[in-house]
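Structures follow.
The two complexes that follow have chain A in common; it is paired with chain B in the first and with chain C in the second.
Take a look at the complex of A and B:
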């Protein structure tokens, strides 16, 4: 892959993304010189130098500065080349906002583009207008990205319908050269001009798209899936709820009577706080103090207050997959992350109702494993050990019989720092915002908080 | 995470840990009676244990909107059991007396938190000066080499390489934490004579949410009126706390409005305070990190604050917002710039930022504000957790 060109750029822009220690470091640009002179293409990350804040008046500093500057100019100066063997050829139509591929080369198409089936007309007299049955079309961001990275040579051509013979897929270079002879090829500028603003693609969205693609992610337009807010409990759940209701109505008068008695006792004892009754331990004191409800369970009611526009203001823009994921275009797995692109100049933080709305459309997710946990898991897999029985595999009777023990185990598990902190920091459901401020992007993941789920006592 | 020194001496470190665990064993000022209960008590309570109430006393000072705890035993109880309050002459833990006595008598071997910090700052400064010296020496040497052989192709100076060999360097990589917790516990049982020599000028100050939580929630603090010396009953205190909001810049001019409003700043803050306290977190002011509160797992002695919380009030009924006499912070639209600023500060301090939205119940729905417990159940807390997403680091599973 010729991703290394971008690595330099990445190292510049990534500065802000590194943590504190890297903050003081800048790339040593002199390394660029050796990079641009290189013949072989291997992955290469320039070494970082030390940041200097003021002129020391020493020649050595001036020399380093000059060398860095020259190296940068040289890097920009370099002619970008691409081998014919890797360039695909396509036609761009402004009317359709799509590029149609005529010659398909390279590995990009495993994740880029979508097939379009033609309906070749069988009528006589129309013999010339028969194109191949399926061809590849690119969305504006895909076409622009391919052009920008030098993998696609694109000509402007307005096709009338899908059966235009200009669109016919080919592998013959000279034939295609003939076909596109009269057409103007895209420059990078023209590509931006044509693709940005088409089909909802803003410059901000493209910036984020290109950034992720360069890092190797698979990026697709998000499918606005319709997850119904608040999943309906199954039949068993409903039966359980009804039974619970019945039991509650029977027993609540008894319980309140007992409580009344209990209250009497405590007032006689002269306790000043309504919570300061005899307690088993601190856990029960803290539990009695928990009065305020938490969480987004009441959202169906709240999100109705949003207008249609407010509901869609923060729709997910890109679904992305890690480079290592087993991605199939025809049947994409659930995305690894969902990215919402926002423009700082046009929006502010989502309101609480909007957050609720956003979360309700995300699937529940587990926090990523820490390095330690990952190692432990790998080791276990190596040893061929099977994970312990999942709770659902134990019969309901033994679960019921051991319910107190199970509940205690669960609450202890939740108190372990290795479980609690990742869960609190990740949240129940999460979505990533790419916040673009005039070309600079900051990335923040918003998670649905669940502190109430993990009490310390 | 843990604020303890690197385990230079493991046994000493362990001893300090044990010492801390003993002193700060209780998360609340009330103690659970571990004595075997009498037959009668056992009968009536089904094995439940009674609580030992320390019965602390505080004075409500209206002018500073705080409650002062002056009695030294009470100060120690409230600090060691749940880390309530702040020393009026100290950064956090009330250590003024110890520092003074040390100056006068010089007998305390264990340094206080403030002393540890200042010592560390001096050391760090020294280290920086030395590092700069080594750096400039390296540069001068390189310069000399350049002068001597201008024609020879010279490799650029790599001061970082030289620096790596310095043992000093590793100290600088420690994360800097502005409010570093104390490492030793200086509060030992005092000997009485010393106390008479130097009277303690320091008191413990409690914020109103802290005071109300202790007085009402736990029931271990009596709050008295400084003029009459009479104990303020809980329902009166509940009113006083809400009336304190009348001293704000944008405040209603009538007492009744102030008492009736559900978006009273005290109520909003108390709802959050009570919520996180009831989950077991120790809460301290977050002013140093541009946020409202920070959450400690067991207390500032054990860990750095892990979470920084911004309180964002929202209204269940928008009409209440329009009619509000208060100007609640962060209740309007928040800008991305604001968010990035705060997130940046807290990212540097290795804290996770939380937006804690407090849903204020509709004024129409809730008429009776007299019962704190019932009222708190009407509010609702919804959190949004923030985390920086670094695409380059999340690439590999």
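Take a look at the complex of A and C:
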């Protein structure tokens, strides 16, 4: 019996009670009561509760089931309501697929919405003109999220242009209420019906968005070129593509041969100094002898082999930031993670070319900190000092002086398992795939391998 | 009364909490709650309406005549009466709430109309006196501010603090008979509900129906690597026993490597993995269970 089979056998002999509780499917809503009744403000993640193996017809089981069901139905029968002091009022337009905020309240807008400048209207006789002002517009996913969490009450209204007086910002509840008196309210259900399907927002994308938002992440649409389906290249473009294709087929074997040769030459040239001076260590000798190229250095070429649709099939959907990051809407920092949303039933694993294409659009990420570095950083942060880098301890002069020594140190450092394995595991560039199957999400991170950077010779 | 399944963007939602309960208790259909739970919004463990039905669940419910589809994407606009009714109801609620808080805050017992009138008179007299001898009270401005002045009562229609409710559903979207489809064929021809579209999807529906008729609860299987999860009782209280992979037909071929993978998977998640397909000859669903045989180890 090999080791993991032994583990499995052990698990099987376990009581089925503690069976997959962390991953299991449906939580027990009776646990929710203990969550809502808590008075302390410490963060607390509700537990899912224990389950039984199968119904056995005992009354006590039925009683527990009835209690669980009652707790669940009570919990989901809640009303989305809140004081007028922390709920915003807005208008939703189906034609624009945007919600415009009239009364802005609450803290959500530090990361939600984008400003839209009202164009100043010309004076028409004595008619009061709308002053140029910025108002807040929400994308469909933002509007839907705000509505369904009960933080935004929208009314359905189709505004004609930015000068529409209905859009004017206000802080006066009564005045706004009079303004919207003839409009239909935008219920949570209407929000699901109207927001999904607009602007490329699918239920899968929204599910991921809402899950991340509920966990406190800051989520924004990824800044990437949007696919324009149905747009065919013109005749000239098509001819050009065909010609390029033919040329490529003829020359690509030659090209790769040349590249190989070239590579060899440049490697030798690059280590020219090594010819002049004797090699200092084995690393440089091995480096000079390395023949096989690695990684996707010629990605643009890879991308051209994919059709437009294939290129955009796995575009990053959401950029997300950790809740603690200092986020400014006008100048967002580089995102902490990039999420590609995939529908279980509509796509399969990306091809190698698609992976190469995906990674070519990702920035290089820092290798993850080793445990030592992490501990040191935490300690220093606790002490209120800025985390210092080990390198900065050495002055520039000695650094220059010890350049060679440092390079050797660096390659040694890279060989330490504490550095190498996390970095290899994380990859050079990484994206997270969120795979959604009707409401359930699985998260998988793909990283670009970088074995070439951690040679083991 | 048939349960109404709201279909928008070809997804089947149940919004009515009563219907969600009925489906669960009477028809052992659990679905998946996908909405933010009202009241406790910043967590993913407990979610709230809408209930998203698996396509197989919606298919079975309509096929069995338990439920009907309502096309929500083509919903009519609300009439002016309906809109007015909403706003009046809203104002009425706000008024009730204001009265309640007032009653709670004032320590005096409820006053009769006469008392109210007398008080109003007194207040007006005091106000008149104040305005006459305004300068005398200037030093006392903080006091005068804190005294209850019904300044904007006529102008503003809302009190200072009140509760706003975001409505959960729009009733008017469910009552248009032209958008209600009671059988699968009409829903398909109207392009409202087109699932199943492939032989595999059709087989998934049939396998689902067979298990459902045996009294099982089903969930989506992706967490454990199959098409469906099978529970012997309500998933609220019981663990699932099986994961099911549905095959496109009785003659579809499976590679040995996949069988090993599924067997391993079933063992690891402590469930029995089933292969299932609909048998055209016998008009029954056939199941094969995979069990890891520990020979030679």
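Criterion: the second predicted complex is superposed on the first by the 274 of 457 C-alpha atoms of A that agree within 3 Å, B and C clash if a C-alpha of one lies under 4 Å from a C-alpha of the other, contacts with A are read in each partner's own complex, and residues count from 1 in each chain.
Note that contacts are C-beta pairs under 8 Å (C-beta built on N, C-alpha and C of every residue); 3 or more make two chains touch, one makes a residue touch a chain.
Worth saying up front: this structure is predicted, and the values here are computed from it rather than measured.
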Examine A:451 and indicate which partner it touches, taking first as chain B and second as chain C; both and neither are also allowed.
first
When the two structures are overlaid on chain A, which partner does A:282 contact: first (chain B), second (chain C), both, or neither? first
A:174 in the overlay: touching chain B, chain C, both, or neither? Say first, second, both or neither. second
Would you check which partner chain A:160 touches, where first means chain B only, second means chain C only, and both and neither mean what they say?
-> neither
Contacts of A:435 with chain B and chain C, given as first, second, both or neither:
both
| said: So in the superposed three-chain picture, is A:215 touching just chain B, just chain C, both, or none of them (first/second/both/neither)? | reply: both
Task: First (chain B), second (chain C), both or neither touched by A:412 - done: neither
(request) Please work out whether A:322 is in contact with chain B alone, chain C alone, both, or neither, and reply first, second, both or neither. (result) first
Next on the checklist: Looking at A:64, would you say it contacts chain B, chain C, both, or neither? Reply first, second, both or neither.
Outcome noted: both
Dual-contact residues of chain A (chain B, chain C) 19-20, 28, 61, 64, 211, 215-216, 344, 435, 437, 442
Per the touch rule, the chain A residues reaching chain B in their complex are 10, 14, 17, 19-21, 28, 30, 49-50, 56, 58-61, 63-64, 67, 211-212, 215-217, 265, 271-276, 278-282, 285-286, 289-296, 298, 322-324, 336-337, 342, 344, 347-349, 351-352, 355-356, 368, 417, 421, 424-427, 430, 432, 435, 437, 442-452, 454-457
The residues of chain C that touch chain A in their complex are 6, 8-9, 11, 13, 15, 17, 20-21, 24-25, 30, 32-46, 48-50, 52, 54-55, 72-73, 75, 77-78, 80, 82-83, 86-87, 152, 155-158, 161-170, 173, 219-220, 222-223, 229, 232-241, 267-270, 294, 297
The residues of chain B that touch chain A in their complex are 26-28, 30, 32, 44-45, 47-51, 53, 136, 139-140, 142-143, 146-147, 154, 156-160, 173, 175, 216-220, 234, 271, 274-281, 297-298, 306-307, 312, 314, 333-340, 343, 347-348, 352, 354, 356-357, 359, 373, 376-377, 379-392, 394-397
Interface with chain C, chain A side, in the complex: residues 1-2, 5, 8-9, 11-12, 16, 19-20, 23-29, 32, 35-36, 45-46, 48, 51-55, 61, 64-65, 68-69, 72-73, 75-85, 87, 145, 147-150, 152-153, 172-174, 177-178, 181-185, 187-190, 192-193, 196-197, 202-203, 207, 210-211, 214-216, 344, 435, 437-440, 442
